[in-house]
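Order of writing sets the labels: A, B and C. Residues in every chain begin at 1.
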Amino acid sequence: MSTLRILRDLLRYNGEFAVGLMLVLIVLAVAGCSFFSPYPPMDVYVVPPDVPPSWEYPLGTTSRGQDVFWQLTFAIRNTLLFGIVVAALSRVISLLVGLISGYKGGWVDRILMSINDTFVVVPLFPILVLFYFIMRDEMTWAMLAIITALLGWAYDARLIRSIAMSLRTREFTRQAVFSGMSTGKIVFQEHLPFVLPIVFSTTMNNINWSIGIEVTLSVLGFTDINTPTIGGMIYWANQHTAMVSGIWWWITFPILLVIMLFIGLFLLAISMNEYIDPRSRLSRLGGQA
Amino acid sequence: MRAYLAYLSKRLVQFAVVVFVGINITYLVTHMTPINPVEQSISAATTYGATSPEAIEMMRQSLRQLYGLEGTPWEQYVAFWKRVLVGDFGPSLSAFPTPVSQLILRALPWTVGLLLVSTLLTWILGNLLGGLAGYYRNSRILKAFGVLSMGIHPIPYYVVAFVLLIIFGFLWPVLPISGGATMASDRSNTFAFALDVVVHSILPVLSLMAVGIGGWFMGMRALVSNIVTEDYVVYAELAGVKRGKILRSYVMRNALGPQVTGLALQLGAIFNGAIITEQVFGYPGVGSLLISAVHAGDYSLVLGITTVSIVAVSATVLLIDLLYPLIDPRVEAR
Amino acid sequence: MIAELRSIPSSDVVKAPQAVPLLSVDGLKAYYKVKLFGIDREVRAVDDVSLKINRNEIYGLAGESSSGKTSLIKTIAGAIRPPLRVVEGSVRFAFKDGERDVYKLSPHELSAIRWSHLSYIMQGSMSVLNPVRRIKHAFADFALPHVSAKGGDFTSLVERHLKRLHLDPAVLQAYPHELSGGMRQRVTIALATICSPEFIIADEPTTALDVIVQKGVLSMIREIQQEFGSSVLFVTHDMAVHANLTDRLGIMYAGRLVEEGRTRDVFKRPLHPYTAHLISSLPRIGDEAPKKGLEGSPPSLADPPPGCRFHPRCPLAIDICRREAPPMVEILPGHRTACHVAQADPARVRPVA
């Protein structure tokens, strides 16, 4: 089935996919607005501070004299960028580990899975905190992205591995091997279409996870606070005791937007998962598998 | 029995690997920076008051060993491990001269209590409701609950905790939003104290549960939907076995296995969530301790907490793994 | 397995049809209705089937994989779920304690007759037992509600039943995965017969078993039937098993019953071209002629051919076969067939090869 047809079917019959896509598109649109911002992102006191949402400033202004809306566009753009970069990097590792482990089997598989499980079990947050502690001001976004990717591949690698394992034993694989197809060709031509959907849904989940890490770390002040990010906005709002002062718009809008993003990506991920599993697809059509 | 012993030894080896690799990662991370955290920490700690030269020297000594500055790289590594294995992280810099282990031990019960209660409640409730939802597919209440719990699930712990803080801190202040128990309370009356603790834990527990329950619900519901089509369930229904019995003994029993494994896998993530939730609600557990240690530049405390977290979580996972064969007798045959 | 027709024992005379058959299926129609991405589809799994099964009789049901056999027996057992629904017809049992119309019973009444009056041996012995509980619990779950003996008495009852079927009672303490496939199948049969049901449905109980184990299972079923006097509806595509075990035989094709009669009669003198083909494909000692396969494949049950469903592949098809579906008519005593050609001239029906 062509990709376009799959998308059309998903949109029509899968409410979750439609809602998820809509939410993500809204967030992307907001991020896109950042390119039209009249104010540079890091500048402060460019507008009168603490103005509630009004016609002139639709989402209000912060205590630091920034327009909440324009600040938000940059914040979500940076946060999203971080999430996407981490997800991309960790896909590479997940795919490598998962596919090699799934295909080779034997002791290679066992060793890789042992390491994999280590990364799954070990609580990553304290390690990230430790990392920040050591690096302090030397820590750049790039470094944080790299180390988060290095820590966050494990869960997805396992999923990819199980798909690889089931593909390895299937009839058409045996046929391909028998007919002399090289392993590389088999993986890319025959198997990739099966692996891609799971990669897609794990990417969505991974983006959620890494953005969650970013928000949490930034809120604690453990990242480069001067770059506007969602977590950063909340951090500054807390520093200026926004809630207590009644400047609710400074916190509420970033939180709302990021919740939209989380739920949107999540819905995309689970609707893709459901689509892959033929039984759940069948039960949607009024039958019982 | 022999099969179980083989299983046990495999799991123990995995536990050792996890702890070993985890602590090594910690060691590696601490060596990533060119700056010397020892001197940095000492100068940060000593700016606040007069500390005797012997105390400073003791600090420096333990920090150098912990950081691994003495001797060759190999000797550094060995010295580090020696200290870690004994659990001696030296004195805390922010609460000098209290040893780090003591601080951790004081905070640990709070975290353990919080985690135990919230994880068990979330897991049991989530699985129960998810199982029912998978079996009784037409129940509207269950469907509504599903939408709600799955809506909150993707939101990170911090955001949920913060939202709850706002709601109960500002809009509807009926629950305490910080502390493990009321300050300067009379701890001799155990029942009153216990009640106080429980009341203070409501918000953190609620926060953790709100995020976690959706995951278990979804997983269990999917599992049960699949199990319901399995031959042994269909057969039992054909035989006229009562629905309740089928749900309990045939469906749930078979779904528990993967969910227990899932619990072991999620424990790290749940722990992460607990750290940040403690911070938001000022709950005096290991999480808050970690964050304040970072702000105070207390290197030994941060290192100590990280190491203890790794060991504690791995040990809990090991425990869960060891209990698994009780649920699924097939695992011995694997 | 070599086809050997067993000699008709004199007890055959005793097995003459009685006044009220144990099972009466009348004009049964059960269809799957599916909406697939906007397209409505109706799969006619069971299309107007009528048959009767008497007491103390083994009735075989034969046919290819997509003939609708499994749907039919599931419908008879009252064990179908949407999207499969009964559209027309009835299934009635005449048990010793009263008549039951399966599709007029309340769910409570339906589960009351299960296992005590009507039991089911499912296909695939591999996974019908709960993997996380010991076998003894299966017996307790399935049989205890229907039996007056409780506790220790019940256990002795089960053990006696097992011993009677040449099974070691120690099997009760085992987990399903600890037993071999053949063993599990025999335990399942013991489980299905513990309440001495009047009617047993056996769905491909010997498929996926090797020949030696098959023999054991078949003799077990025969023993049970003789000892308890139950009726057995035995479904399998293996004609040799039918030849060895069943008293009467029904042939299904594309959701319809096309022939039915005493097993011996059907084998010696098939009255439907499809049956003729099935039988001729069995190897016989000394027969060296090459076997010819039937052309084409069974029709799709969603869009079956008009008239007789077999006509596209039938070597004897005539014009009327393409237009009108042949009714099931008794041509010889106790021997029915649904074929225009046979109804015109029974002698013309010959095997294909």
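Keep in mind that, in the parts below, a residue touches a chain if its C-beta (ideal position, glycine included) is under 8 Å from a C-beta of that chain, and two chains touch if they have at least 3 such contacts.
Note that the coordinates shown come from a computational prediction; the quantities given were computed from them, not determined experimentally.
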Most remote chain, CA-based centroid, reference being chain B: C
By number of C-beta contact pairs, the top two chains: A-B
Centre-to-centre distance between chain C and chain B (centres being mean Cα positions), rounded to whole Å: 56
Mean-CA-position distance for chain B and chain A (Å): 23
Two or more partner chains touched - positions in chain B: none
Two or more partner chains touched - positions in chain A: 288
Contact footprint of chain B on chain C as seen in their complex: 77, 79, 110-115, 119-120, 122, 124, 126-133, 137, 141-142, 145, 175, 177-178
Complex contact set, residues of chain A against chain B: 114-115, 117-118, 120-127, 129-136, 138, 155, 208, 211-212, 215-216, 219-220, 222, 234, 243, 251, 255, 258-259, 262-263, 265-266, 270, 279-280, 283, 288-289
Residues of chain B defined as touching chain A within the complex: 14, 17-18, 21-22, 25-26, 29-30, 32-33, 35, 37, 150-151, 153-159, 162-163, 166, 169-170, 218, 222, 225-226, 229, 264-265, 267-269, 271-272, 275-276, 279, 290-291, 294, 297, 299, 302-303, 305-306, 309-310, 313-314, 317
Chain C contact footprint on chain B (complex, rising order): 230-232, 234-242, 245, 249-250, 253-254, 257, 327-330, 333
